[in-house]
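Got some structures for you, see below.
Two complexes, one shared chain (subunit A), two partners (subunit B, subunit C).
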Partner chain A sequence: MGKQIELSRESSGSLISTKPVMTFARYRRLFLVLLCAPAFVYVLAVAVWPLLQGVYFSLYEYNLMRPASRAFVGLQNYRDFWADEAARGAIITTSIFTFSAVTLELILGLGLALLLWRDSVFERALLALLLIPVTVTPVAVGLIFRALLAPDFGVLGYYFAEWGLSGPRGFLGNPATALWTLVAIDAWEWTPLVTLILLAGLKSLPTDILEAAEADGATLAQRFRLIILPMLLPTIFLAAVLRSMDAFKVFDIIFATTNGGPGDATNTMMLFAVKEGLQFFNIGRASTVANLMIVCIALFSVAFVILIRGADRKANER
Partner chain B sequence: MSRRPAVHALVFQRAVLLLATCILLAPIAWLITTAYKPSVDIFSFPPTLAFLPTLANFRGALQHFDLRHLLESSLIISIGSAVLSLLLGVPAGYALARAKARWTIGLAYFFLAVRTVPPVATLIPFYLIMRDIGLLGTWWAVILLNTTLNTAFVVWMMFCYFRALPREMEEAALTDGCTLFGGFWRVALPLVRPGIIACALLCIMFAWNDFLYPAFLTRSETKPISVALITAFGTKDISWGTLGALAHFSTVPIVLLALFLNRYFVQALTRGIH
Partner chain C sequence: MTARQGGARIKRRLMFALEIAIAVSAIVSGSVQAQVKSFEGLTLKLASQNDQFAAVLADLTPEFKQATGVTVKVDILSYPDLLTKMTADFVGHTKSYDLYTTDIVWAGQLAASGSTVVLNDLIKRDAAEIKVDDIYPVLMNALGNFKGKQVAFPFAGYANILAYRKDLYEQAGLQPPSTMEDLVAAAYRLTDPTKHIYGFVANGQKGPAVAQDWMQYNKQMGGDILDKDGKPALNSAANIKSLTVYKDLFQKAAPPGAVDYDWDGRETSFRQGIVANMQTWSIGAAGYSDPSQSKVVGKVGIIVAPPGKGLPKYYGVGGWGLAINKDIDQKQQEAAWLFIKWATSPSVHKELNEKGGGSYIRISETHDPDLLKKYPFLPVIDESLVNGDGDYRPRIPQYPQIQDILGDAVNAVLVGNVEPQKALDEAQAKAARLF
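Coming up: the complex of A and B.
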């Protein structure tokens, strides 16, 4: 460790130089700062600076179509956002989407992880195949399902419409089902990732406790409820927070399938902000939505971190 | 596991797994096979799964799209962003893992937090900056913005990798007269090669698959294939077969890369977490 170095330098230092002992430690600190500085400065310049500008823009009435009429309006954009029914709808849609998609992915992912919880060639090969959806371009995912679910010529959509399951305009064309269809598409894409995270958690559980429980005659259900689930809980929360952050920002699959429609049924905050900012060039309003998204993500991340800490403590008490 | 379940339980378990895998892979199988279907079979009524294979869709894709150019853009953007992110992120991850000050963990979390910011929040001001300095519509605009997210990711990942690496080897090299940079470059770096491969793989994947940034930061000559996939619809008369053919170039390379480097891919997705 560092102390050893300092000690060895100290013992030899008295022979060769009169410089203070701290020199090496200080030199090393400078070296580490220099290694870290480029990344830090880069992120400050290309991420933090635009974010601060975003905060600034959100306080202005600023439309690129009328750049001359830029005016300071204080918190008016935020008040407008709250008064706008479509905007409030976007928050609700995003929350429903995030909550449903993450819950579905956790349930399916936990099931798959338990099934895969055996270290043999078969399971490992299947895991590799299962991860394929994670690597598919999200826009292509949206287009695949748009094609499959098309009510006229889609391989699935035709039969869904024919059997009266989906209505004549298909699952994606119906305001009542469009959001749930997108939840299912998101689950298709991301359940494998949740499975992988939970599987890594399962594999790191202490085997002696599991074996002891089995030797004591605990049934499979008892072992799951009393041992596996409580000890896996921190990992489950972790998967939940990672997925929630991404699901909250969902854009590509919706843009490729419904583009927020039909009506405003699938208009999430990301779509709302992108349309507002880069189609209508309403920079002030778009920045407002983006900032609100950051606040939301920060809030539920903190909530999850508290949950994870609590679950960790409980899991370690066992 | 030490337990020995009954054979039929194992068979049942594996059958369920196999079924789940087939269901998950079916849409991709459909995408791939669509490329070889004549449009008569794609738009048959009712839909059919049987078809006579054809290469017409590939000809259509080549005719409607400048594939060489699209692939060139995708490659430049993803490799440029990956190289820049690794150059910035790997040394920073090392520094954070080796520094003993108390604020280093805070700085590591700062990078992690940057990764979670919704992309639209940086995109809009960045769009204006790029417009003002004349980089809007160039590959640089996408590479620069992509690199922030990727750098943040690489810093955090490499922080985890380097932290797990015992310091003793570098200390020994230092006492043998190795410089500090040599300790990083020649001792520590080779030991985390799996981490670097994992990071590079994910950076390339993120940038290659990204749609939002290039959709608004590039113009038609610089757009990558992910953007071409979607802008094609509505503007050109193309069929799902053409989509399937295009996907051979946009999606299949990354899928194969991830399968081929599966060990690193799995590490990349789990390492920074536990």
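Coming up: the complex of A and C.
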């Protein structure tokens, strides 16, 4: 008994002697680490872990309908995807959709933001009304536009077909126009969000520089090109990246209107992923498509960073 | 022993026997009561496809509670939602739902995965109570039986029928079609784009919509998706021929927007009055005479779907079964089976249809005077179900992929991207890899 007490005393004594001295700086660092910990754990749990699982599953032939027959196949799922002509087409279609929709939304959004810049009751009320499309569920947006644009009995589509604007099959039934119609629908829904982001950017611009430029006799076009646009670039970048990530994952409006048709005209990667994952329950292949989408979105973001940085540098050189 | 004494003894014995009989019958009836009452307080969750029957069924469940004490909660889901939730539930063994409505084409997959309670023994046990003989054999088989395994119980049977515009046929001096060839000829004859009238309509949208409608026509025209050995035969000569006719119908006799129609678009075009002929599921038939849904009230005839000339009668069958989740505990399973028996019983199922469920499984229903008065087209459904076939969409585990392959190929042909032969050759190559 006595020996044990001796021992514990000894060990506790040695502990005290090796324990690092907790200075204020160390406490502070520990405090900061603890502050970050929930966010860190959250990101690990909901982003990194599923991402790694996605990579893992993509290396397997794994179908939920036959869970027992799971087999390691290496990169076969990626090879299969690449060998499929329709799948390669889906990458191109998705890229065209994303680039066109985001560009259109940025141009329209910037225009609207400039119009709404002056802060009056009228502009504020208008902004609130403009935001209505953003609040509508994308599936509902798809269904509404499908009903509107139906060439045989749609409220708009009938007249578009009658007047020869859309061709007899309507905008959504013609492979040449279906994708562009979906770009327009996407722009209808998401331009207000881009407007909101850019408006926030415009309102945070320092007014003294603008006033100085005006006093120096800079024209409206000069002020826009030389001052507003360069200073707004970080906000434009934010809006572009946010929208690109979202547009690349487009699914709902296409599912509700064309389901990827006519032919392969509107077949996007997300349609592929959902089909593999939620219709065939082929988790291996669905993960493969999802991983490829992440790579594509990353590439898109990098392209935007390069573009915006280039523009920024050019503006600074002036 | 005197005669009087003997008589008294017999009387006593008789009384005793009577007392025992009363006691036994009390115990027996008590146990039946107890059996039903033993479910008191249980709750069953049912995930249902959002078809016409779903809301009516949800409305009827309080009656089941009154009879058994079991509460049934009905979640009404869209087709993709239902399939996703069911599969996730079965794979993860999460017991989210006790009962599922299951589509005719899922039978193969359910039998392979073994996720639902196999009902063969229960049906055998309760055959008299269920009145099995009253259920159309084709539905008993198609809506849940796969290679002898009953994975679901028939709940809502649909027949493929032809809805046609009587007024347009009369104006043109035509008789209703009795063969596929008649139908095709009438479709061309009745088409007049200047008046916005088209002779034919079917689903054209890429995916399940176009695939399912074409499979129906293809079978009527003598084609088939699988060969005699059950292997894919998508590019058979009969299939190529039927797709060629189908393409021509779409290009010359269907509303131009039909290449993007799914079920909803197809039905709307008919109810809007721009289409003269439409093959469709019997569940929608009552809607054509409802002024709130239709502009063609009183102008629609319902007849059996015409087969190809010289070919045997062929009527496609579809619909939904009710399946019990195998993961739930024994008592829940028993309560679920009790619910299936109740919901498909002659009286409750009749009530379901009286209230617009549009889902027939019993021979007595299609011959019921009350229902016949309300729905005069029931003899057409009866003939279709008596001679029907639920396998024109092959109910095999590979079905979803085959449907997808066909959905791409047929849509590509209809929009004019590729010729039938080439599209079906490519589809066949893809389908062959699944076997």
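Assume the second predicted complex is superposed on the first by the 242 of 318 C-alpha atoms of A that agree within 3 Å, B and C clash if a C-alpha of one lies under 4 Å from a C-alpha of the other, contacts with A are read in each partner's own complex, and residues count from 1 in each chain.
Keep this in mind: a contact is a pair of C-beta atoms (placed from the backbone, for glycine too) under 8 Å apart; a residue touches a chain by one contact, two chains touch by 3 or more.
What you see is a predicted model, and the numbers here were worked out from it, not measured in a lab.
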First (subunit B), second (subunit C), both or neither touched by A:I197: first
Between subunit B and subunit C, more extensive residue contact with subunit A: B
First (subunit B), second (subunit C), both or neither touched by A:P230: neither
Partner chain(s) touched by A:F153 [first = subunit B, second = subunit C, both, neither]: both
Contacts of A:G89 with subunit B and subunit C, given as first, second, both or neither: neither
First, second, both or neither for A:P262, with subunit B first and subunit C second: second
Touching partner for A:E211 - first (subunit B), second (subunit C), both, neither: first
Touching partner for A:L278 - first (subunit B), second (subunit C), both, neither: both
Subunit B versus subunit C as contact partner of A:K249, first or second or both or neither: first
Residues on subunit A lying within both footprints (that of subunit B and that of subunit C): 152-153, 278
Touching residues on subunit C, where the partner in the complex is subunit A: 80, 83-84, 87, 91, 109, 112-113, 196, 205-207, 209, 255-260, 262, 265, 268-269, 272, 274, 397, 400-401, 404, 408, 411-412, 414-415, 417
Residues of subunit A defined as touching subunit C within the complex: 64-67, 86, 146, 150-153, 157, 161, 168-170, 172-173, 175, 257-264, 275, 278-281
Complex contact set, residues of subunit A against subunit B: 1-2, 4-5, 8, 27-29, 31-33, 35-36, 38-40, 42-43, 46-51, 53-54, 57, 112, 115-119, 122-123, 126-140, 142-145, 147-148, 152-155, 158-159, 162, 188, 191-193, 196-197, 200-201, 204, 207, 210-211, 214, 235, 238, 242, 245, 248-249, 251-252, 255-256, 269-270, 273-274, 277-278, 283, 286-287, 289-291, 293-294, 297, 301
Subunit A partner contacts - residues on subunit B that touch it in the complex: 1-3, 13-14, 16-18, 20-21, 24-25, 27-28, 30-31, 34, 42-47, 49, 87-89, 91-92, 94-96, 98-101, 107, 110-111, 114, 116-129, 144-145, 147-149, 151-152, 155, 167, 171, 174-175, 180-181, 184, 205, 208-209, 211-212, 216, 226, 229-230, 233, 240, 243, 247, 250-251, 254-255, 257-259, 262, 265-266, 269-270, 273-274
